[in-house]
Structures are given as structure tokens and as C-alpha cells.
Amino acid sequence: MSEQARHLLEVDDLEVHFPTADGLVRAVDGLTFSLEPGRTLGIVGESGSGKSVTSQAILGLHRGTPAKVSGRIRFDGVELLDLPIKDLRRLRGNDISMIFQDPLSALHPYYSVGKQIAEAYRVHHSVSRRQALARAEEMLELVGIPNAGRRVHEYPHQFSGGMRQRAMIAMALVNDPRLLIADEPTTALDVTVQAQILELMKKLQREFGSAIIIITHDLGVVADIADDVLVMYAGHAVEQGAVNEVFYQPDMPYTWGLLSSMPRIGSPRGQRLATIAGSPPSLIRPPSGCRFHPRCAYRGLVEGDACVTTPPRLVAGGADHRARCHLEPGARERVRLQLSTIDSVGER
Amino acid sequence: MFQYVVKRVLSIIGMLILISVSVFALFFAVPADPARLTCGKNCTPAIIEANRHALGYDKPIVVQYFDFMKGLVSERDFPDDPVIAKNSPQSITHCPAPCLGYSATQGQLVSTMIKQAFPITASIAVGAFVLWLVGGIGIGVLSALKRGSILERGLVGASLVAYSLPTFFIGLLLLDIVSIKYGLAPPAGYTPFVDDPVAWAKGMILPWITLAMVFAALYVRLTRANMLETLSEDYIRTARAKGVPEWAVIVRHAMRAALTPIVTIAGLDLGGVLAGAAITETVFNLNGIGKTGVYAIQQLDLPVIVAVVLLSAFVIVLFNFLVDLLYAFLDPRVTL
Amino acid sequence: MTLSAGEFAAEPVPTMVDEAQGPVAGRSPWQIARARLRANRVAMIALFMIIFFVVIAIAAPILQALGVIDTTTLHPELVQGPGAMPTGSFGGISIHHPLGVEPQTGRDLFSRILLGITLDTAIAVAATIISVGLGVVLGLVAGFYRGAADWSIGRLIDLILAFPQLLMLIALSPVLVQRITDTGVPQGNPSKITYIIAVLGFFGWPYFARIIRAQVLSLREREFVEAAEMLGARRSRINFKELLPNLWAPILVYSSIVLPTYVSAEAAMSFLGVGIVPPTPTLGNLLQDSVNYATADPTYFLAPGLTLFIVVLAFNLFGDGLRDALDPRSDRAGGK
């Protein structure tokens, strides 16, 4: 196997900016990550941190909009950003497919669920309408929708939230994609259904060996399903690496905040992240220096005013682990220690 | 569904009764004396009284109302007087059901007048409807797809100009300048379609353009706004993410959703125009329902005013109903 | 089929911060809308035009009183020859008559247009205020009390909208103008002006009422959800202070749509013969008279028409900008 083929997806220095009437929205800035076949990457971060915008950039969905996308996105060695739209369309929904955030608005209200899944199949296979519909029914069955034969003719509004999400998954998987991007596939769902859906995705991954990018703001989901994790804040990757490393050796204050607000064992799963004081910054005029500094409780530990003046770079802290923070390794270690004692005290 | 239709039909009937009562209450309260208008210059009080009696204006208004309503289902005679019927049966006008009354001013049955007027209005309405629907939606879709281009600015600007011009101004401009002064378009006039389709269309071109221009301008704006909103919907992105070719994204996904509400608005507008395009008909001197109504108002010809208003209301209410049925058919989320 | 209770997903609870956060923190929606409006060049030009017309509307009667402009003096010496057409080129333009004079009468056209603007804007503004007033009150009543009140108002709206509006505007004129005179309003134009304001205002309120009602209902829903979360499902009362900011935007936007249509309606009523009659000038009756001279005296024909057009256009352009500023959703359309 050649060196290139090892990475299924390589994203390099991705930037997505939206010119708006109020100014330039820097939704994604300097994002770099890669993904191998059969593995799962979790992207976490608050609402508005640029997760969805990133995933849409991979599929080239910002084309034809005023959005400015730069950097490189290589899929299976092919550069996607300047791929002719015709070739890109051949990949969309076929090699790379996407489960959108809100299935009620992401499904067309005027077409039956079956028709919509069948369309995704017919775009990439020359089969008759009827064959495609049969395939849609098969997919609905696969994702665990009872009475698929009847349900295939129903409309999205007739489905419950969990059913719609399954239908979305069925549509995304109808062409056995090599890369599946799931944008908050479980956010709106009940804990039980959430677990079922994650189980389903794992099973499908085992079966087809696809790579998965799962976007969520639920760290529990990441711990459950992902191999690698990418923490985003205000359009930046602030920490990324193997799940084991990032979760057990978190290296910067934002990740600490996320992790300490993560539900403990014993508390109900699926509970959302609690609040980190303050609100996400403006992406039009992001804070100077470290974008997290207005909310950071630890910037006192950094000498001088580096946090306010100098943007920290993404620096390797372990073999497969990088973080964006001015804190010295020693300081990080001390805080981690402190946090873990507080946690264990809190648990008793 | 069946239950819904029955309920709606009942409510339509109720609505029409309410409308007819209010129309009677409004118009028979006119201070002017309708009987006065029935005789010309050599009028004597005696003739007026005789006419008042002959036309039934001497009866209480409630009785007149019930006479009118009865006429809708059974025949009537004008004047409804057994003495006259016996002495000079030739002076009686027989009015078969559904009888809408008798216009003494015109010396005609109202139903006859309506029967003559409706094909004219329908000719204007249907042709203009096709024109404004095709033009308005076509230009609207185009300007949404060409968003931000000079073409879009031009189209939107032109539609705003057309939208801001009074209808009769457009009509008279077309009539006086385009048709009369430069002879660029055939003069307006009505030839029944069955007699000569070409002459029919020729005579209708200017009214069609006039009426269509105002509506088309509105539809360009509606269509463009709807298309833009639809194109920003998540399900459009889903379609693109599936690899659907762009033409199909626009036609199958965007237009399907964006045009559904437009189609229903179009239904309501068609109903409104079929109820009489008063200005266009007046500009081009075409005796459709609208002009008949306007003329009747100028002459205080009460039976005609009442009939035209009622008929128009009926058409409007009917189209409301049809549009609701159509919408339920077009939008799976709506159940009746 | 059976679904586990879990299939019915709860509303997603916003995490940390609502996604709907404004892009620039610390500014109210109004400030953002104002900034957007200010950045919209076309809307700003339209706004300046509106301000210009409003200044004219206020100044014209004063100038008339001061004798600076003169709408009534006849100048038979300036209209001569067959058809009493203005002497001199371009409809008799001179230093004393910058837009020339009217055919037949020789009255100063410039003065008449200025005063016409006064009347037209006054009528449109007054009618809009009536529509908004009635619509807001009835919409609030329907939305707040729901039940029987809501039902009755809803049926009343259905009834009003079932009438052919333009026809009613003119048909009611002979009936109601007399009534208005009977209440003590001077006969003739004052009564007619009152009538026009009243009918336009009256037929316009249902649209406002629907918008307000919908707004109240959706707000109730939201308030109820929030109250339910905090107090354990006890219904909270909405007070007007909270409601009002949410009503301003739709009222403003819809007023900007309705107002120019009232200006056009005045013209249409003049055209159909129930408008205000000379010597009182309105843009409508000037235009109505001037169309007879479309080819003979183009200055006279174009001046009132263009003025009317520009007034309506300015309001429409500004209305568009206002809508975009208050609801910029369609910004995001596009893609491939």
C-alpha cells in the first residue's frame, strides 16, 4: 500500500470564511486532521464552533455560496477543493456521505422517505425506480425501522424523531460510503434511541469498514465510539489527538472545562455539557491572542499577557496529541492533578 | 376528507347567505331612489310609483330579500303583478331560475347581462393568468438563481417598477401609445373564441398584458423570495450532498417546494380576477363582470350591483375552497 | 405499530449558548436592523425620497395659504386654440408655471401636483393608521382571548375577504358618502375623503389582525414553554410591554407594503369615478384627467403619473429594504 492511500481523508489548514453584511465570519481557521479507513474521529465543541461548517466543506457544499474556502482537503489522494463539480458529485453521497444535524429540516417535506432514499441510490446506480425503492426499503429495514414496506411510502413528518434519524442514516448508507460524516446524529434524541443509533453506526462500520467522522457536543458519545478526537473552539482546533490521550491527559483549559462538566459514571448518560462561564466569542472580531482568553480561568498561570496578545500555536504534547495553549507543561500537570482530586472528592 | 368537504360546502353556503344579507342591507339602504332612475326625462310621480310597484321596491326590504333568494331556485316575473299579467302579458319579462333580478335601467334580465359579461371576463382572466404565471414564475426563478448578478438586479428592478405603476396607467399607456399612436398592437375588443380564435386572441392581447403585468410583477417578487428561502433550506443541501445534479436540485427539490404556495396564491388571484377585472375592463371598454358592476354602480342599478357583488363573492369563496383542496393535494403535511 | 416512548424526541435543549446568537454580541436586534438598513444604499435613497415627499406634503398647504403656490386660479389666456390646449411648448412651461398648466382650465400644474401629494399621503397614512389600529386591537383580542372571540373575529375576516374589494370600494361610495354627509361632514370632497380613508382603512385591517394574532399565539407558546420549565407548567401571563417589541417589526413591514397600495387605490378610485373631484387636486384625479391628453399634451400626461409612480416606488423600495433588514434569512441561499 502506498503512503498516500493510508490516509483516507487529509484536511490541511482548512479555512472557511463567510462574508456577511455584518462583516467577515471566520467560521473555521487553520484546521488540520486526517482519518484512516475503519477509524472514527469525533469532533466536539460548543454550538457555533465551526463543526458543521467543517463537515460541509469536506463535501464541497460551500461551493457556489459567497463562502471563502481555502487549504486542502484530500480524499483518497484526490484534492477535493479544486475538483471539477462533476467529479465531486460522483463522490457525494457515494464515497462520502453525510447524516445532517436536524433530520426534520434535512429531509424534503414533499417527498416520501422512500423516494428520497431511492433518489440517493439512483443518482449513483443505473437502476429502475422500482429497484431503487426496493433498495430503500431494504435500507430502512437494515436501520431497524419496523414495517419498512409501509413506512417507505410515508413522509418525513409522519416519522418520529428517532425514526427520521434512522431514515437519514439509511439514506447516507445506501451507497456503502467509504467515509460517513455524522453531524450530531443523536443530539435531539432520547438516551435509549441515542444508544441504539450509535450501536447501529458501529455495526455498520464493522460491516463495511467505513471511516466515520462524528460531530457532537456530547463527550460521552466520543468516548463511546471514537478513536480520535478534535476539540474545536471558535473555529480553531484547540486540542486534538487519540481519545485515550486527550481524555486522560487533557492539555488546555477549554478541554478541562468540557471534561469536568462531563457527566460522571452513575449520572444519566446523554446529559449535555454544562456551561462554561461566558459565551462563545464573535467570529467576526475574534478575541486577540488566544481566542478562549476572555473565558479562561487559568490565564493567570501564564506569565505576562501572552494569552491576550499572542495566538498560541498548536503544539505536540504527546506522540499523538496536540494542544493550543500558552501554559507550561508543569502548570498543566498541576492543574490536572488538582482537577482530578476535586473530582474524586466530589464523587464520594 | 369527505367530512371536510361537506363542512366547507356548508360553511360556504352560510357565508354566501351572510354576504347576501349584508349586501341587501347595505345597498337597499341607499338614499337615492332606485325607482326614480327607471324612467327618463318625462317623469311623473305617477310613473315612478307605478314602476316602484312593478319592480317590487315598494315592498319591505326583508320581503325583497326573500323574493330575490327565491328567484335563485324558482322562476320570477317582472313585474310580478297578476293584473298586468292579465291585461298586457307582452309587457312581462319572464325570468327563469336561477333568476338574479331585472335591471330596469338596462331593460334586461340581470342573468342575461351576466351571461354576456362572464365570457369576456373569463377570456381576460384566463389569458392573463397564463401569462403572469409563466412570466412571473419564470422570471422569479431566474432572478433567484442569478442572485447578485446584473441580470437579477434588472429583473427585480423592472418588476418593482411594474408593481408600482397603477394598472389603469399601464393600460392606458398601452392603449394610447402602443396601440393607437404607433399601431404596434391590435386594438382591444371581444370576439367569442368559438367564432374566431385568432380574432379573440388579438382583441385580448392588450388586456392580457395589462392585467398580467401587475400580477407578474408581484409573482416575480414572491417567487424570487420563496426560491431564495427554499434554496437556503437544509433539504436542498441534503440533495446536493447526495450528488443530485444541479438541474434536479433546482427543479425537483427547490421549485417543488418554493412554487407550491405560489400555485395556491395563484388560485386565489385567478378567483379574484374571474370575479371581475374592473380597471382593465374599463380601460379597454370590455363589458365584463367588472365593468358591468362599475357601470351599474354609476347608474345605481341595484339589482345588477347586488348580483355582481354576490357572484363575485361566490367565485372568490369557491376558489378559496378549491385552493385549499389543491394545497392538501400538493403538500403531504396538510390533511383535511 | 408501537413505538417506545423514547421515539418521541424532546425538544433539543440548547447547550451552553443558543445557536441563534447574533454574530456581533451586545447589540439589540433593532440596532442590527438599523445598521443593515443604513448599509442598504437603495433603501436609504428611498428613505430620502420619502422624507422629501413628506416635507412637500407638509409644506404644500402652507405654501398655498401663503400664496406661493396657487392651485385654483384659472388662466384662460394660457389655454387657447382648439381643445383649449396650453399655449407654448411642453404644456405651457414657463417661469410662473414650471410644469405648465392644465388644458381647459389653465390651472398651474406644479401647484396642483404638490397639493395632490399632500392629499394622497394624508389619505394613505390615515387609512394605514386605521387598518393598523383595527388590526392590532382585533388581532390582540383574538390571540389573547382565543375561544369565541377568536372564532368570531376569524369569521368576520373571512367574510370581509370574501367581498370583491375594489368593487366594494366603489360600490359603497354612493351609499356611504351620503351617510357621512348626514353626520355633519361638509358635502362633496370632504365627505368623499372621509369615505376613502374609512373604506381603505376598513378593508385593510384583516391582514394586520392575522399577523398580530399569529404573533401573539406564537409568543404565548414560547412564554408557556419557558414558564413551564421554570415554574412547573403554570401558565404565565404575557404583558403588553413584552409583547410590543415583537409586534413592531411585522407592523412596520406590513405597513410599508400597504401604504403605497393605498396611494394607488386612491388613483384607481378616481379612475373609476368615485374619487375626489377637481378643483381639489389629488394625484389620482390629475392622472385620471391627464390620460385624456396622453398624445396631445405629454407633459400634462407624464407629470402626475410619474409623480404617483415615484411616490409608490419609493415606499416599495424602502419596504423591501426594511424587510431585508428585519429578516435577512435569505442571505444564505446559494450553493452547487
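Just so it is clear, A, B and C label the chains in written order, and each chain counts residues from 1 on its own.
Going forward, a contact is a pair of C-beta atoms (placed from the backbone, for glycine too) under 8 Å apart; a residue touches a chain by one contact, two chains touch by 3 or more.
Nothing here was measured: the structure is a model prediction, and the numbers come from that model.
Ranked by how close its mean Cα position lies to the mean of all protein Cα atoms, the top chain is C. Comparing the chain pairs A-C and A-B, the larger number of C-beta pairs in contact belongs to A-C. The geometric centre of chain B is 24 Å away from that of chain C, both derived from CA atoms. Rounded to a whole number, the gap between the C-alpha centres of chain A and chain C is 49 angstrom. Centre to centre, using the average C-alpha position, chain A and chain B are separated by 56 Å. Multi-chain contact residues, meaning those touching two or more other chains, occur in chain B at positions 237, 240, 246.
Looking at chain C, one finds that residues 331-332, 334-336 touch two or more other chains. In chain A, 61, 85 are the positions where the chain touches two or more neighbouring chains simultaneously. Listed in rising order, the residues of chain C touching chain B in the complex are 158-159, 161-164, 166-168, 170-175, 178-179, 260, 264, 267-268, 271-274, 287, 291, 294-295, 305, 308-309, 312-313, 316-317, 320, 329-336. On the chain A side of its complex with chain C, the touching residues are 20-23, 25, 46-48, 60-66, 85, 146-147, 160-163, 187-193, 217, 272-273, 275-276, 279-285. Interface of chain C with chain A (complex): residues 1, 3-10, 12-19, 21, 23-25, 32, 35-36, 39, 328, 331-332, 334-336. Every residue of chain A that touches chain B in the complex is listed here, in rising order: 56, 59, 61, 85, 89-94, 97-98, 100-102, 105-112, 119-120, 123-124, 155, 157, 171. Contact residues on chain B toward chain C in their complex (touch as defined above): 15, 18-19, 22, 26-27, 29-32, 144, 147, 160-161, 163-169, 172-173, 176-177, 180-181, 225, 227-229, 231-232, 236-237, 240, 246, 272, 275-276, 278-279, 282, 290, 293-294, 297-298, 300, 305, 308-309, 312-313, 316-317, 320.
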